Amino acid sequence: MSKKSPPPIDGLLGFAQVDHDRARRCGFPEVILGRGKTPAQVAAIFAELATRADRVLATRCSAAAFEAVRTRVPTARWNELAGAISWRRRAAGRGEGLIALIAAGTADLPVAEEARVTATLMGARVETHYDVGVAGIHRLLRAVPRIRRARVAIVVAGMEGALPSVVAGLLDRPVVAVPTSVGYGASFGGLAALLTMVNSCAAGVSVVNIDNGFGAGYTAALVNRPARR
Amino acid sequence: MSKKSPPPIDGLLGFAQVDHDRARRCGFPEVILGRGKTPAQVAAIFAELATRADRVLATRCSAAAFEAVRTRVPTARWNELAGAISWRRRAAGRGEGLIALIAAGTADLPVAEEARVTATLMGARVETHYDVGVAGIHRLLRAVPRIRRARVAIVVAGMEGALPSVVAGLLDRPVVAVPTSVGYGASFGGLAALLTMVNSCAAGVSVVNIDNGFGAGYTAALVNRPARR
Amino acid sequence: MSKKSPPPIDGLLGFAQVDHDRARRCGFPEVILGRGKTPAQVAAIFAELATRADRVLATRCSAAAFEAVRTRVPTARWNELAGAISWRRRAAGRGEGLIALIAAGTADLPVAEEARVTATLMGARVETHYDVGVAGIHRLLRAVPRIRRARVAIVVAGMEGALPSVVAGLLDRPVVAVPTSVGYGASFGGLAALLTMVNSCAAGVSVVNIDNGFGAGYTAALVNRPARR
Amino acid sequence: MSKKSPPPIDGLLGFAQVDHDRARRCGFPEVILGRGKTPAQVAAIFAELATRADRVLATRCSAAAFEAVRTRVPTARWNELAGAISWRRRAAGRGEGLIALIAAGTADLPVAEEARVTATLMGARVETHYDVGVAGIHRLLRAVPRIRRARVAIVVAGMEGALPSVVAGLLDRPVVAVPTSVGYGASFGGLAALLTMVNSCAAGVSVVNIDNGFGAGYTAALVNRPARR
Amino acid sequence: MSKKSPPPIDGLLGFAQVDHDRARRCGFPEVILGRGKTPAQVAAIFAELATRADRVLATRCSAAAFEAVRTRVPTARWNELAGAISWRRRAAGRGEGLIALIAAGTADLPVAEEARVTATLMGARVETHYDVGVAGIHRLLRAVPRIRRARVAIVVAGMEGALPSVVAGLLDRPVVAVPTSVGYGASFGGLAALLTMVNSCAAGVSVVNIDNGFGAGYTAALVNRPARR
Amino acid sequence: MSKKSPPPIDGLLGFAQVDHDRARRCGFPEVILGRGKTPAQVAAIFAELATRADRVLATRCSAAAFEAVRTRVPTARWNELAGAISWRRRAAGRGEGLIALIAAGTADLPVAEEARVTATLMGARVETHYDVGVAGIHRLLRAVPRIRRARVAIVVAGMEGALPSVVAGLLDRPVVAVPTSVGYGASFGGLAALLTMVNSCAAGVSVVNIDNGFGAGYTAALVNRPARR
Amino acid sequence: MSKKSPPPIDGLLGFAQVDHDRARRCGFPEVILGRGKTPAQVAAIFAELATRADRVLATRCSAAAFEAVRTRVPTARWNELAGAISWRRRAAGRGEGLIALIAAGTADLPVAEEARVTATLMGARVETHYDVGVAGIHRLLRAVPRIRRARVAIVVAGMEGALPSVVAGLLDRPVVAVPTSVGYGASFGGLAALLTMVNSCAAGVSVVNIDNGFGAGYTAALVNRPARR
Amino acid sequence: MSKKSPPPIDGLLGFAQVDHDRARRCGFPEVILGRGKTPAQVAAIFAELATRADRVLATRCSAAAFEAVRTRVPTARWNELAGAISWRRRAAGRGEGLIALIAAGTADLPVAEEARVTATLMGARVETHYDVGVAGIHRLLRAVPRIRRARVAIVVAGMEGALPSVVAGLLDRPVVAVPTSVGYGASFGGLAALLTMVNSCAAGVSVVNIDNGFGAGYTAALVNRPARR
């Protein structure tokens, strides 16, 4: 690169600008998207963030990335299903509030777990209700009394993605819906589930991107936070 | 038109070839699609069919078309919601078998009624369960014992179209799903509901075209027919 | 309709089943979608709901529908931009919490106002920031200090729908994004804005259907409600 | 996972909740979707189901999965074309009723065979008519007399998916249409065939998802079952 | 418009440049697309072309446009179904070669007739076979011996558009397929039929735009022309 | 609206915030989009802008809107084809630089003229080359020597939108391509032309929205401006 | 498979029904699509066809498939670019008529060569004009005099697919257009080129599937055949 | 290939026609698209062009391709991020004019660097502003004073692609927008970003294909060139 335009991506890491200001502005530090980065790159950014933030999250990482991170940040933790690496400076407490995390099928669990790791790291208490798809509606109905105690619900579903509509019709709390790419044929990589959720006939449903467990966990954790006093 | 290629669309009516053979081949005479035809045209075809068939059906008709038909076939009947005109030579009996006809919202009723008129005219007994959408799932659950007595269920739903999946998970009978164009925005004229139903996680669901109440009623009536002996 | 299947849509109103249970289950009574209903039908349902609920809302209504409602419920109010009719039994207070309602252009106001009427009727205090699209980003930046005081933000935008991403990057509160059908050509009736918002690079954004101001107001009002004690 | 939310996915198998109730509710036990599961996982679920159900089916499995299953359930059978593993406690009889299974091309056979295995395991007699695509219509016409003896027809076709329309025009029985992803270019992974079948001009056609041989076999077997007495 | 850039669209007619060279280059004069033009405009262009060309064609015209043309070109002829106005300087002969023009349903006739007028005006002999859709395949089969005498076939079909595949499988001549916008729901304005035809499993099928009867007639007439000597 | 949230859209006009700062920031004042506004609204905003800016432009206006504007700004001018109203404080000069404005067919002229009015008002000299579509490539080739003198070319085309690729292959200047919604069937409202232009094999082509003549004229005028000194 | 339904896919080859009747009906024997078949399968079908037909063609084959074929049919020939294996019983003559085969870029050559092999084997004389894309239109213009001598033109193009429109505007013969999947981004696997060609503003263009060189060669060869006497 | 049609793709290189005339016509020699070519092929074409042109560019190349080129053109240079190989006969000067090259995220850098290499080789001075996405708008705002000095801006963004709208609202210079395929789920390989940019509410934005850094750099360099004198 020429002198006129000094490479803006050098800095400490050489390949990324770490936005240390994000935590102050948005209440949570920048999150590392592991996909497309080498284990060494993930580890370098993770360690850099851990020098200043009190919580660090990396999503969609390989096990090798976790191994690389652990050599630099030994107390980092690994969620294999989600492919998520997390670290917090201080021991986690019980968590505040309550998020009900509901998933339709076992194939949706990687996305659900990404949401769980994210929301937990942001300080929320999360209660999971997995494998309660609409094809066996009684499983969901049994769980409703506990779900109704939550401040907000996350509902994860692939294929036809019908679960959020059913859940929202049973609650007086907001539902964050996550379509997943689970399915085949006319699911078109999650598009069918996304459209289903966006068209929900039940009020109180809002939707994040296909497979975006992180976004759902983040949004739900913001909802779950107490109002400022 | 030249003599070489005599107009094939004259015949008795001048504007359509009536396929009197259909009833023998498929068990039901040709059905008149009213849309795009003048009241006089609908009445002419209807009267022509009534000379030989013992049942006649015209779908998607205007009230004016019904008035025109009635002047020629006085015992024809009118279903205003569906826009359907039907006639049968002999008085209807109780109907054979049982079809459960389920619709999610009141806006879906024109399509549901088209299915009901069709299946009834084909000899089926039809029991309706309307306004039982997934946003208030208890309404559907109350009806399940009666629905389970049917030979086949038709499920009509617009917007996200989630109802067939829930119904199919509660039955051991086939479900014919009908997406409707009810909705707005990302419902894309019923595409969202169609994709939902095609991707159903519950086995036993098959799907007809958007707003195709006729097709669903026809298919369900075929399923409902007793096996040949 | 035959005796076997008594018309399930008679009841008090003859054309709709009023779900008086919704308020208990979801915290808000059933909402009337005015589109496709005659003024008389809107007025009849509105009056019926007003006998038992303490708040009633009808969306996407014509001025004629409002006139019809007013003859039966004289204290009903009319929001012309939104086409919304609302009524509450008791005088409105100041509203609880705070929702920041942000709209990109003047053509987006009908959708934004639908959100405002909905959230206000559900008890929220709403502060509007209109005409602050991304093509003149300084207008938004000036409003940020006030927006940051809110519990949740609604962001309404058509065309390319970029505003929610910018807003979410400046807040530590959830953003409910509403794509509108404002635009032409490759906006495809709001699809472009919907995709933009679903793909937001800023965490904390969740999305409702195109032009669904009601859904956004409803969701934001649920977020805005204080936690149970 | 925290103590507050005990992992709901442990149970006997640790990675899936087996729904032993499905057979009672829907008339057939839960089916294993092999794709995305290791051979050991397939074998474990298969063996677990075989302890209580009298029939077990696993679809879209590898030969390795079959080898793993066979070590635990020695009488399991393997359909290589379909990638399906099936087992039944008692010897199969002749099958009841009759399903005509029609496939357009040799590339459609894996999907057709999945339908055959499913329907046969559910107790139906299935007669196959393969390689009878519309480009050589005489092949189909020759088979019509036999096809007309069936209670229901399954029609499997890729590319333009025209076969179900032709078949339905020749029968007085329902047709379950299965689009396949066979094709290239503008077949868009089976979307072209799906649209063709949904738009069928012949009455009596209903459609399942692209490549969903299992769903077609299941639906047809439900249709084929005798009415309750 | 400024003097610097003199309006290039003045000329004789003021609103269009007549391309009198087209007939020499492509063997047929420029064709007038009536849609979007006033009757007076159609008549003016028609009359202008008739001064130099020996054949003139205007498609998608209103009856009013025909009346306007007739006042200036009294021997012009009107095809009401197609909305086509044609004129030829010399009396038409028997036509050369043979085009088989096949249409699936009566709703497809406007498009088919546009093809017929075009091809006839270009000198071809055209034989029509209308209302021979795939839902009653015997109607087509009866016509095959005559169809096989043609040099090229045009096949017009809406809804699922399956007819060209069946026809092409029976001929050793090229098939020009025309999808129509006839249909509803998932026909998406003819897209379903277009995809069907493009994916045809039968060799020898090529496709023109949705509802493009003119293009099909033009292409078939070019195919029908004898080779140069 | 409540006192808490004073209506932000009052100001001088009551229904829109006029952004008088735009001219300073972007070099051209805010442009009025006439569609969806009453003639009185267009006139009010137009007159307001004319008090401070030295040029005003309103696009997609009706003749009635122009009449309303003229009563308040008598020297405003009207381009009927484009539906554009323009006004400038001082008499226009010859224009600087040179933009070649090329349109494929006469149906594309409204869009082309919108580009012309815009670019001219921004100070550019514009030379038009209309009705030079690719189906008669010689018309374009004749114009190439003049086109090559321009600083930038705008190319407007509907249907298949092939013209920009051909033009860009003949120039060493940038080409701003404008797809139009001219066409039918599989043109999908201009999507086909948009995709064509985005995929251009010729370097130097960039694309604006379907029918966005204003955007193309604006972009080309920015390109045409001399560099700052 | 059960005795009731004897496997219809046994025959000589066990995995495919060879349609020896095709040559009589359509003038050319069945063509082998190599994709998805093992080299041994291709070779077996190829050899079987060679026992009765006088020409055999297999498309989309690997070099390994050709090696396998050659061991059984030593005089088979290999076109590496197209991946096509061909064989004819008698030496090829000069070919009849003339097809002009035009391709836009070098990446389109595999598809063009598939067309060439097909048409040549069907008895046509083929003259190629490769690498004449619209970005350098002079290359095409130089070739026009030779192209105009042909009975029919095949035009192969990827990316924006503009070439067929330009060619058709210069000829009085039909143009068979072949979109290719060459491109990236918004070419969507050839969809952009397909739409371009279907929307061609030049009359006489008809289109085959994306990358369907075989279909184009086949169609053009049918057009090229002399009329029956 | 037959003698009648001598292979047009032999020439010097055997597999490609080098268009040595392009530099004269368009101001820049033909560019090599490395994808789909072997290292030896890239090297051969590169060396051939270097014999006559004074600048050569190859995009989307592997490191192996660069090694192959370097053996034949030792002074060729390699940009690893972009996968671009460039060479110029004479040492590069400071570059003329100024292009501001802005990229939203680090994942967008390969596309941005492709634009940088292209524009630089065409003689422009390029200043980069990387990692300035809309989720942290302050980063962009800090850079605005420098960006405003440029003749034209290139803006590269994936996911929701909102950045060009914000940038264009701050400039009085044209913005060339490049959507990238960075993203997942409903980004649909860059389609979401493409639609966002095409629908930009800010005037002065034009768009190139997804990931087309080359096209953006080329277009911007043409804009940046001084007017002819």
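Letters A, B, C, D, E, F, G and H mark the chains in the order given here, with residues in each chain numbered from 1 onward.
By definition in this document, a contact is a pair of C-beta atoms (placed from the backbone, for glycine too) under 8 Å apart; a residue touches a chain by one contact, two chains touch by 3 or more.
The model shown is predicted, which means the values in this text are computed figures rather than measured ones.
> Which chains sit in contact with both members of the pair chain E and chain G?
D, F
> Please indicate which chain is farthest from chain E, where distance is taken between mean Cα coordinates of the chains.
The chain farthest from chain E, judged by C-alpha centres, is A.
> Identify which chain pair among B-C, C-H or F-H reproduces the interface of E-G, meaning that over half of its contact pairs, matched by residue number, are the same.
Looking at which residue pairs coincide with E-G, the repeat is F-H.
> Taking mean CA positions as centres, which chain lies farthest from chain F?
Of all the other chains, the one whose centre lies farthest from chain F is D.
> I'd like the Å distance between the centres of chain E and chain F, where a centre is the mean of that chain's Cα atoms.
So the centroids are 35 Å from each other.
> Calculate how many whole Å lie between the centre of chain A and the centre of chain C, each centre taken as the average of the chain's C-alpha atoms.
27
> Which integer distance in Å separates the CA centroid of chain D from that of chain E?
Whole-Å distance between the two chain centres: 45.
> Going through chain C residue by residue, note those that touch at least 2 other chains and give them in order.
25, 136, 169-170, 185-187, 191, 194, 198-200, 203, 209
> Output every touching chain pair, sorted by label.
A-B, A-C, A-D, A-H, B-C, B-D, B-E, C-F, C-H, D-E, D-G, E-F, E-G, F-G, F-H, G-H
> Per the contact definition, I'd like the list of chain D residues that touch chain G in the complex.
On the chain D side, the touching residues are 94-95, 101, 106-107, 109, 120, 125-131, 136, 184-187.
> Given the complex with chain C, which residues does chain F contribute to the contact?
1-2, 4-5, 7-9, 15-17, 19, 21-22, 25, 36, 179, 181, 189-191, 194, 209-212
> Name, in rising order, each residue of chain G that touches chain E in their complex.
That would be residues 25-28, 31, 97, 151-152, 169-174, 176-177, 194, 198-200, 203-209, 214-216, 218-219, 222-223, 226-227 of chain G.
> Note which residues of chain D are touching chain E in the complex, please.
Its residues touching chain E are 104-105, 133-137, 141, 159-162, 165-166, 168-170, 183, 185-188, 191-193, 195-203.
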